[in-house]
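Dropping the structures in below, format is structure tokens.
Two complexes are shown next, each including chain A; its partner changes from chain B in the first to chain C in the second.
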Partner chain A sequence: MGDILRERERQVYRKGAEQPFQLDCEKQSVAGSVSQRACVFCGSRVVLYPIADALHIVHGPIGCASYTWDIRGALSSGPELHRLSFSTDLQEMDVVQGGEKKLYAGLCELIDAHQPKAAFVYATCIVGVIGDDVEAVCKRVSMEKGIPVLPVHSEGFKGTKKDGYRAACDALLKLAGTGPTEGITPHSINILGDFNLAGETWMIRDYYKRMGVEVVSCITGDGRVDEIRCAHGAALNVVQCSGSMTHLAKTLKEKYGTPFIRVSYFGVEDMSKSLYDVARHFKDKEMMKRTQAMVREELERIMPQLADYKRALEGKRAAIYVGGAFKAFSLVAALRHLGMTTVMVGSQTGNKDDYEQLRELCDEGTIIADDSNPLELSSFLEEKDVDVFIGGVKERPIAYKLGIGFCDHNHERKEALAGFEGMLNFAKEVYSSVLSPVWRLTPRKRGNSLEVVR
Partner chain B sequence: MLLRHTTDEVLERTSLTINPAKTCQPVGAMYAALGLHNCLPHSHGSQGCCSYHRSALTKHYKEPVMAATSSFTEGASVFGGQANLLQAIQTIFTVYNPDVIAVHTTCLSETIGDDLVQIVAKAVAEGKVPAGKHVIHASTPSYQGSHVTGFSSMTKSLVTSFADPAAEKSKAVTLIPGWVEPSDMRELKSLAARLGVEIVMYPDTSDVLDTPHTGKHEFYPKGGATVEQIKASGGSQAGIGLGYTASAAALEALQTKCTVPGTLLELPIGLQATDRFIDTLRTVAGVEVPQSITDERGRLLDVISDMHQYLHGKRVAIFGDPDQLVSLVEFLNLLDMKPVYIVTGTPDNKFEGRVRTALGGNVPEAKIKAGMQADMYLLHQWIKQESVDLLIGNTYGKYIARDEDIPFIRHGFPILDRVGHSYFPSVGYAGGMRLLEKILNAFLDRQDRDAPEERFELTM
Partner chain C sequence: MSSQPRAPKSRSPKAPRPNWVSTRNPCKACAPLGAALVMRGIEGALPFLHGSQGCATYMRRYLISHFREPMDIATSGFSEATTIFGGEANLRQGLDNVTSQYHPSLIGIATTCLTETIGEDMHGMLHEYRALPGEESDPLLVHVSTPSYSGTHIDGFNDSVRAVVEQLAQAGETPSAYLNTFVNVFPGMVSSEDLRWVKEVCADFGLPATLFPDYSETLDGPSMEIYKKIPEGGTPLAALRATPSAKASIEFGRTIRHKRTAASFLQERFEVPAKRIGMPIGINESDIFFAAMEKISGRKTPEKYTRERGRLVDAYVDGHKYLFGKRALVIGDEDMAVGLASFLAETGVLPVLCASGGKSGAFARSIAEVTTHLREPAIVREGVDFMTIAEELALKELKPDFVIGSSKAAKLARELGVPLIRVGFPIHDRIGGQRILHLGYRGAQQLFDLVVNTLLEVKQDSNLIGYSYL
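Right, the complex of A and B next:
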């Protein structure tokens, strides 16, 4: 045990090795591997669920709704309808006879009770197999109740999480373009791909406000149906988390001619660059001045503290394993800003371009891996003598078991990690985990000696 | 108000579950399989299922949870998942080298009609299962039962796959512990040892999901019942199953397959249920109860008597899994409290009768509901109509507790926001003491918080 699955040899790359760079990706996982990946439904659910005034109803047996009930702490400044878990809870008879009637009745009951602005209906694995015409049910309810009822084609087996993002974007595209656009100013944007974890969208929105940019809609952090309906009125789409939202941005460009730019709100450099890119796009000197002043002000506020963290973290080694590769770019840069080296980086769903870019970013000797698994990850962490592992819920206990610090950069982040303030939070979290006194007691640092710690 | 969308009025619902008090079968099967030594659970379905179940267990235990998946694709959903499972079996034995692969199905593989018996036989025929290794399976479609049903089915599969009717007769007692925490399993073993009763217990997740820090990530932790132990259980002199919903199937299978006489008890949570458990073990094995256990019982009784005036008439709402609820209700009743709302999402025809029995004629006004539409939305509506003094249930109860400002005790699965359940048992007299302490602290902390200055008391 401990060897990489033979079929996976080409999904792991070590920078600086003699081999030419070639990393297989966007492949199905080998059946029988302990993959960290999720499914299509998961992708759709996490993207759409922050829309707080919509009904999110999971059409299928109970599990899919249970596991995604308030899954990622996406915050709302108003309605909290998204925090409830609605399921058609399909039973054996429904599988035999079809679940359409149940879905229809459930939708009607819920819309009457809660008066949502729209409803999303997530099709799960067996809905695809038993042949429910979800589209038809949605159309009928939409006609009868007078709100958009949108099917999300998220059958779990139909690909990876990325395909789920696409299905979510397709549903959003049925909303965008249906609202009025009068009164929207020329300096206006949609924030795409921020999900308001720990209130991050609020911070980002505030930066834009201070720059003098109008935010038409946030898709989907603290999202509202009526705002999304007007999204086509914005002058620019600003896309973070490109893995989930590029499809939406591209389609909006095709349909409405709205240009888009890719940004990242993680790390000081990327955060500043994002704001400058937006200001530059609008070619407004005053806006640029305001942006520069704001960035200066924010930096002055956090830099002294960041410098303290950097002194403590200089030379420490980090490993990164995240869902989408795009986030990894910013993390490598942010860690470098703290004087740290990334010695291993991987993602569940990166593509060729992503990995090529990661290779360019990383130092010699860095391991790059696609669709990794716990065995592999453990061995990388040990081999590279890593000080902090940055990942999600399933990775955390692996790091801790090995005696390695951890930072959740996924659903379960405790503090906002985006923006300038977020960089400080990130540094603090990494610092508090890497330098925790607990590791002094663990075998990794102490060997297996039983010497009493004083 | 996070649950401001909950209406006071209970509207008739025909086809929906809102805020479920259950989840689906496979996660239970995965948990049961983790209680087998050197076993890799395997989810025969889409990748997401396995990912969700691992995440759910990881969040509950704060431990790595290993399981593999057949990684269904569109092709598999059309042509069947046989090729995926055959490849998975080969991959797993080659790379992860477990003693056992415990396959459970999902709604998808069940709906397309994959026949696990036939597929596993084919894997054996094709030499994909090395000598001395095993592939066992349980049928766990998500559209039937709940996570408890899945646990029950996989536990039964341990018996039907391994328990050996020809095993040498022994004095050992086979204990089917039901869906309890690793801490509980540890406590059950400890109680048996103190009684001097030799037991074989499975599943056993102690030392699997509560492992000490060693600086290593053990892919297969040291705990779990071994295949040899389960084989030998076929020769045990008696079987005891704890929890009707989770353990009856396995106990019956052991009786049918190996003629091991079985006794089914409610989970030993609370004083009376623990009494019955200790007494059954004592009788079956013909041993004396040691003074240390009698003393432990006495201490629990002593605390109840010391503090009973804080408990009288307190109204409790409780949700979770049937076996846990029945025993908790009995304990609450003994404590002179009033379990008024009792909800489980797990369908179970006998549930209401079991709860009424546990109440022993008290609290006739108790509202009890199991199965469809027995969810936390309904429970919340009941609470809105007439409130309670205490809420007991898994982490999802915190929304109701916060909105209605009700003291809240976490118990059940999943607990995503506190530690302790892995380490401190709720079974046995010690577990009863812990539950009682939690209940008292909830009331007394609330009293301290809410007391006006002139009523604030030092001694309670």
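Right, the complex of A and C next:
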């Protein structure tokens, strides 16, 4: 455990160890630890990013806009305004004199040019320091242009990524409740926390359609401003990615009395359970029958192929490091479905309950880590002799450098991994990495010997 | 024909529309990213950003997506309280933790917009930190000021090269046997493969070289059995200390010749002659580099390179008809774009528009210098973004046949319906950006074949027959 900083010792746990379960989490990252987390801005940006008919402008120096240009694989069935990068690109003089004028002018010209349905203005670190009244500028532009212009208080230093999720939800809450709700049926939902990566929202929407459930809005995958404005008219909020969306769901419940349930669309079990939970909520026998028939149909379609993958992957070891712990639950289950064992699992933003649940889910000896870093992760991969690491772009080179397979399960992915079809894609991706012949050539498997091994 | 071709006046007609206030699809990243890359090019060093957690993570992701290599950047991780009360405690804790985890030889500390804006006294804080009781093995600390609201990643890169040299250079530390025996090479922001090429050339000239930065191995290393906390490779600290004892410095980049750089510092302070030349892309600019190498080493260019040059000229002849009069849109970091324009112009391609997110003030002049014989002088734009470029192309009906530049131009090329030839940084949508060789005759050979073949592919795909011979 030599690679773990003293300040972080309580953020790493090994199941089965003598000590009672205790894992510190929801803390600011330790300075100098090279956390895999980003910042408040990142949290807001990823949540609001897929809203395709809104203007997203980053108020600050250029970096924050450059690093988030077209960063997510979030697809749109119509407008693609979200895939452009707009910034006030603050310069030295703006920092001295304040950036309000530039923000005002930038917003006006961009709204005139692109005619968005709404605009989100992301405040970055220095905006919080130079004291720009972003709120006032947004109000003024909103009045003049006649569209909602919403400040997102996402100064990077003001907390963690989770605070950014909250700031994004606060902006969304200014939209929800402002649109008409006539004609929305009783069997209606909002999909919260799916981001339409590689078209996943479309698959999920299709399942609901086949069940006879009306989707009022999806927040925020393939998102549209006018749909979000009507979100308060839905009968139920179905929340995936609870880390980012629980605040929104809870507030909608307080304000409009809309109940919510937590779901996950990853893995066969969780996917089926999610649909059944929704059907059960509406207490409609016909809907439940349709759901059962659909699940059966989907499973019959993918099970034979899944079984093939399972035969090849049985007994392989996986490590997981993802943003939110909720996804990790589903991944542990999905990997088990493929006959694999999770030997290490961690997240950037999990809370106490999440980690408790993870501990219950995992086998003895599994390492659980909160807010980990490259040195810890690489040592876990080495120690546990992992076959595949599941994470995001920042985790990829850690695995690859050590000659270990990798599966991207983050927001940049181009493969749909949600839903039944997604489970098959997931299995295929894990299989394609683990079974690749290239590992046989790596020093990890055969040292640096020049002896031919085929 | 005049034997003395004069540089045409650079055309700078008015921008196509009233200037946009906002930046739309940026052609640049921010300064600390360049700093982090430079620090990764020092042996045993770790980059460290004094600012919010997100900066380090975003830059890691941006660099990892290009190099496809581990890229650890530490941070002091500002919180709200830190921002109000100052970051000294976080800086100290961060440096302590980095030291105990990574055992670096050096920590390269760059500021961010946040810490520059709140006015952190880096000099004072680091001075006090150094004065604390410590170990013999404690890392050196260098600091560079990189406010993100000023300049681009290239400015951050070049400023960091200078800052490191300024802070480490020590006259009189070099054993006399080594005095005036070697050359400093400051190549600017080039690929890992380019860096390996520079080292190869210096070795072939029998000229020991201090290449800085050198991320040829740290950001393009072999597969490993055991994870290296800090990858092997990089410019050794001893070599950085000895830079004042060099015979000369060679520095690439026409647009930075009027700036204070590492080479200008060594010249002014230690009288190390500075040879400041363009990035050696294409034959003409490479010739200048090889001439400089001949002069400094006192040796003729090895036959290996003259033969490469000969083959390249032969290839130019073989392919000249495919390229003559073709119109290129060149987008990139200024010095790379100048080199590319030089290369394209000498093959018969018209660089109709050369654009960069950088704003050195010397871009138009530099492009004009290297494209003297063009029938139609290139329009040159500095400090622009991709949407402004697109508008100018449409307005002037420039109709490029291809785009050459980073992968960020992919969207624009797709809209134009022309191929993008990916060079420079970043390349986020293909593998191997770090292994592209841009420099020298060999680099030009690879670029030339790529450009010709890309245009042939268009020709083949767009006709009904799909000729078997082209």
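Here, the second predicted complex is superposed on the first by the 449 of 454 C-alpha atoms of A that agree within 3 Å, B and C clash if a C-alpha of one lies under 4 Å from a C-alpha of the other, contacts with A are read in each partner's own complex, and residues count from 1 in each chain.
Note that in this section a residue touches a chain if its C-beta (ideal position, glycine included) is under 8 Å from a C-beta of that chain, and two chains touch if they have at least 3 such contacts.
This is a predicted model, so every value here is computed, not measured.
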| item | value |
| --- | --- |
| Fit-or-clash call for chain B and chain C when the two complexes are aligned on chain A | clash |
| Contacts of A:T442 with chain B and chain C, given as first, second, both or neither | both |
| Touching partner for A:W202 - first (chain B), second (chain C), both, neither | neither |
| Chain B versus chain C as contact partner of A:Y276, first or second or both or neither | neither |
| Which superposed partner A:K158 touches (first chain B, second chain C, both, neither) | both |
| First, second, both or neither for A:Y256, with chain B first and chain C second | neither |
| Overlap of chain C and chain B interfaces on chain A (superposed complexes) | 3, 5, 28-42, 57, 60-69, 83-92, 94-95, 102, 105-106, 109-110, 124-126, 128-130, 156-160, 374-375, 378, 393-394, 396-398, 400-403, 442-444 |
| Complex contact set, residues of chain C against chain A | 20-26, 28-30, 32-33, 48, 51-62, 64-65, 68-80, 82-83, 90-91, 93-98, 100-102, 112-114, 117-118, 147-150, 152, 221-227, 229, 387, 408, 411 |
| Touch list for chain B against partner chain A, complex | 1-5, 7, 11, 13-20, 22-27, 40, 42, 45-56, 58-59, 62-74, 76-77, 84-85, 87-92, 95-97, 106-108, 111-112, 141-144, 146, 211, 213-219, 345, 372, 377, 396, 399 |
| Contact footprint of chain C on chain A as seen in their complex | 3, 5, 7, 28-42, 57, 60-70, 83-92, 94-95, 102, 105-106, 109-110, 124-126, 128-130, 156-160, 374-375, 378-379, 381-382, 393-394, 396-398, 400-403, 442-444, 447 |
| In the complex with chain B, residue positions of chain A that touch it | 1, 3, 5, 28-42, 57, 60-69, 79-81, 83-92, 94-95, 101-103, 105-106, 109-110, 113-114, 124-126, 128-130, 155-160, 374-375, 378, 393-394, 396-398, 400-403, 442-444, 448 |
